[in-house]
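Pasting the structures here.
Paired with subunit B in one complex and with subunit C in the other, subunit A is shared by the two complexes that follow.
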Partner chain A sequence: MKFLALLKKELRECLPWIVAAAAFLLIFGSLELRSMVRRDVEEYQYRVFERYSEVSAYDLGKYPLGDVGALVFISAVGLGLALGVRQFWVADFTGTWGFTLHRSTDRTRILAAKICAAIISLIAGVGLVLCYLFWRASLPDYSPVPPPIGFLIGGWLICGVGLLFYLGAGLAGLSKARWYTTKLAGLGFAVWMFFTFTQQWTLWWSFVTLVIGTGVLLYLMWETFLKREF
Partner chain B sequence: MVKRNVLEYVSQPAEEVIALILIMFIVFFAQFLVTELVWLYTYEKPSPPIYPDDPEWRVHGAAKYFLPDGTIHLVRRIDTEDNGDYTKEEITDVNGNILWQGIRKDRPFKYLEWESSPREYAEFYGEQQISRMLLSPPLPCVLEVPVRIGEKVQEVWQYDLEAQLFVGYRIEGGLMGYLGADGFVFSKAQAQPLGKFKGLALWTDKDPSSIVMLGVTKRRIYQIDFRTHKVETVFDSGQSDIESIRWHRWRPMNPKDQNSNDIQYRPLIDCRTTDHRHHLIMCEPNKILTVELPEQMQTEQSSEYWVSKVNFTTTRDALFLQYREKHFNPPKSHKLLEQYQREYNSKPRPQSLQIYKVSNDGNLELVNQFDWIRPVWEKPYPADRREAIVRWASTTSPPVFDLLWYLFGDSLYEFGSEGVSTMRMMQAYAVIITECRPRYSLLNCVLSAAMMVIALWHGWSRRTSWGKLFVWLVVVGAFNLAGLLGYLALNHTAVIKCPVCGRGRGLERVDCVLCGAELPVPERRKLDLIFDT
Partner chain C sequence: MIDEVVLETRGLTKYYGSVFAVDHIDLKIPRGCICGFVGRNAAGKTTAIKLMLGLLNPTAGTSKLLGCDSAALTPAIRQRIGYVTEGHRLFGWMNIVELERFQRTFFPGQWDGKFFAEMIEYFGLSKKQKIKHLSNGQRAQVSLALALSPNPELLIMDDPTLGLDAAIRRQFLSGMIEIIMREGRTILFSSHILGDVERVADRIVVIDKGVIRADCKLEQFRTAVKKVILAFEDSAPLQVDIDGLLHCRRSEKELAMILVGINDDKIAELAKSAGAEKYHIANMNLEDQFIEYTAPDGRGKLFKWEEI
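Up next, the complex of A and B:
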């Protein structure tokens, strides 16, 4: 009951960011899909090759859904950073940690409510919109060639990247070190894990990288939140 | 409570390790930046290598070509720079007699052309490029081959990465079928996967609307014609894996570019398998010949200049093998390669170029051979200057990398250059260790010792326990500059003057680390509510 109350409170505070991220992705993603309607069909008609010539595989490579992938990335990372700052930095700036912590519940529950709210925000603000855009792009009126399911899986992994940056921002906010020492180490670690994530050859290893990164950050954040003096 | 305390002991070191690793990356980036900036600001355009005008260099520096009857000619560039077809050349025989002088496009002789790695033409996509293009998470690119019938594109074939086959769609919409190992089928259940591509090349022939693809998997080579929906298994290696392929004239040439005076070649693919056999796949007429070379000719497939090379070519009349022997036999350890290269270049070395005819049963018959001496060679390449800068920049690298290179250098190098591996994350770190390791070990150790002295001076008055100070000194010694910066970032605390002994002391412990005196109790003021009872 207490946990649900905390969760509702956190979701209420996250709501403007969820709406902003979802609106951004929905509007610009839809515009991108709209511009893509039958575009690849026209592009194919204009693509003419010479006789007896080599064909570059890069010329035949295509990113399904065009720039939607980049929009998903911006939304997920932006939302993650915004939530991390909102939940862990603003309270420091305004000196309102006391209002957050002075409740008839333990810190673990408070932190769990924050993290759950962030996960729900990423799912609602980015994940579900991505699913809608993918479904839309799979309809025949957009392209005769439907996008592969790997794109949807990859998009959800990018939502995980948003969670990675959220945890990194949160850990940086909770750290009491000076900014020129290790205050931003949490964010630095998130960036490192992100680059490692993009360097993998398979979606499976990307997922493993994400799990390792979020696991380490989650653990450090939990420890810091529990033992820090606010 | 016990579990909580155990986790606390893990979280503190975990934070420190993460901070240390991040600082190490920053140091490596700074090293890279310094290297590039110094190289950029001291850059001088290298003069083209001009070989001394003596007989040995004239012979060694000349390109050696074969006529179809096995005669060897030496072709030497007279111009200081290569001007393509308008480069001035001199052709001599093996005795030094000048046969012809003029510009390249007017050469009166037709020399044999040899197979080459398709990669050299940048039209063959190896495993890494394919993986980067088709597999790169999280949002992979898809390969789609359009098929034009008449004036318009009517079909699109999309490569399904998971199923490892091509899926065909009509441009008006609707699924057409699948192209797998057994050819075109209508249902996915009937389609046999092609296998994971190690390499592929695409081209058009006389019909520009028809794209043909040559795909190499672990044990098969396929040729797929998307217009006719034909999948032909060009070669099946059976039990051994395909290591690499080289080809010659496999892709059809424009008849306009062919001269009737030119040597008539047969299309050839030279497929080398892991059992050191060469499977020569020829067309016109179709034939596959397996050749097992003598042991000294079983060279590694490498573009490095020191590696002996084997090349095949096939004309309408005969199948030839060219063997270039460089007598370079480095030790197995990659760590000793650089030293062996310097020794190799420091002395004259015998070289040999041989041409063989390959019979129908795979036997070799020597047609001609040319031997000469390669003079001592000092290589003035820009790469050497960059390496010299890296040597100095890497003096701040962790000594522990040097130790790892000493103990596991060959394994690290092989792992890092393995190509596509599922352990890509670890591959990158293996490459970082091999590239960022210190080159001047002694200087690196001296610097590390200096860093340890600085850390000891800083930590002497701030220490909370001998064990912690010792561990940090070891870390600083092992990681050099990154270790010192990490130590300072995590341990720089305030120091005050001890009221008893007058020397500096930290505030992380209650008693003075030098005299043992406790911190003075603050004076009680009027409004203090906390007092002893």
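Up next, the complex of A and C:
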């Protein structure tokens, strides 16, 4: 019950950002799908769909802003940053840590609720919208060839990039160092892992990169949160 | 059980870099006591309270609440402690109903919903109001209701009346008195409004520049700190040297002294030995006493209050 109460509170605080990210991806993603119909289908197939067995995060992200993959990148990264700032920077700024932390539960559970809320938010704000766009793109009206499943898997991995940025922003918010020293190190690491992620040529290696980056940031955030002074 | 200590600190110290915020605080607050924790701005009150609640890590020393080390307060112990934060920082997007629902989850079988509703009604608030739309005073009232409703054994409040007008402060203190009426409840509240302390506290802890300057019953403090004015026919002596002298101010024919722990007989003797023509003991309220006691020229002088 206590965890659920914490989770609910975190989700409610994240809700405006979930809605914003979902609306962004839905609107611009739908527009992009419409424009896809008018494009040279053959070229598109060559660039993405016919190479589906080798489709990578790089493929999904390297196209101009108009491409759905790039939109997923933008929404996931933006939502991740917004969640990190909302959960950790705003709590610091509004001085609600004392009220949040002094209750009959431990810090581990409070942090777990925050991270779970962030994961659910990324799934709801980006992942599910991506599924919807994938389904729409699979309809004959949009494309003569249904997009490969690699597109969807890659998109979900990009949601994971949102988690990377969430952890980076959160860690920066928890850090008490000055901004020009190590305060933004977590965020810097997230950016570095993001570029490493996009440079991988297979989804498998993108996944490995994501797991390593997320693992490192998660461990650092956990340690920082449990020991930090509020 | 009346002598059971619910809050104890030993050598509690906190440095921020090379600057100390609190310095070797030794406190023992017995059960059933209403303790006013007073000090000027930046005296170290909030830091000390946060250390006690385990929100800050001490540089040295230890602190125990209800027998449990502050650095490792268990959820079960936290459930027995109410805490009102400085500035009454609550979740602004919640309304009072949502906030109560959230808060009661953490006090299973302990939350008194009827009492909470009564408090909210007493303060004239609507449960539908969002916290962010409440004034500072109204937020203070909600904070108090939230802290009191689980009927905590120990209530710690960090400057709860800060920024409140006189009427709201009085209402707030009435709410505090509500809990005082409950047997065995202990309250520690920091404040720099001495009128509030005088109204409800039975014990006073004075902190000044991170150092505990007094820890005694309120009545002890009231009777111990005195302002004595010696009047001389000729010019007043440049200085007098007596035990318990905190500081003195000299004018042409008068010497105004702040004395600590000196009884009236000794004051009469002092006046006589100093060659004063006459003397009188000035009336001081708690605020005057506090201001004189923590005046910069009296710093560094410590008195053992327990022995007074």
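Criterion: the second predicted complex is superposed on the first by the 201 of 230 C-alpha atoms of A that agree within 3 Å, B and C clash if a C-alpha of one lies under 4 Å from a C-alpha of the other, contacts with A are read in each partner's own complex, and residues count from 1 in each chain.
Keep this in mind: contacts are C-beta pairs under 8 Å (C-beta built on N, C-alpha and C of every residue); 3 or more make two chains touch, one makes a residue touch a chain.
These numbers come from a predicted model, not from an experiment.
By the document's definition of touching, of the two partners only subunit C reaches A:99; subunit B does not.
By the touch criterion defined above, A:35 reaches neither subunit B nor subunit C. Looking at the superposition, the partner that touches the larger set of subunit A residues, subunit B or subunit C, turns out to be B. In the superposition on chain A, A:9 makes contact with subunit C only, not with subunit B. In the superposition on chain A, A:229 makes contact with subunit C only, not with subunit B. Of the two partner chains, neither subunit B nor subunit C is touched by A:108. Residues 227 of subunit A lie in contact with subunit B in one complex and with subunit C in the other. Put simply, subunit B touches subunit A in their complex at residues 7-8, 11, 14-15, 18-19, 21-22, 25, 121, 123, 125, 129-131, 133-146, 152-153, 156, 158, 160-162, 169-174, 200-209, 211, 251-254, 257, 420-422, 424-425, 428, 488-490, 492.
Considering their complex, residues 1-2, 4-5, 9, 12-13, 94-99, 101-106, 227, 229-230 of subunit A touch subunit C.
Subunit C meets subunit A in the complex at residues 50, 53, 55-57, 74-76, 78-79, 81, 83, 85-87, 89-93, 101-103, 105-108. If you check the complex, the residues on subunit A that touch subunit B are 41, 44-45, 47-58, 60-64, 69, 140, 144-145, 147-148, 150-151, 153-155, 157-158, 161, 177, 181-182, 185, 188-189, 192, 196-203, 205-206, 209, 216, 219-220, 223-224, 227.
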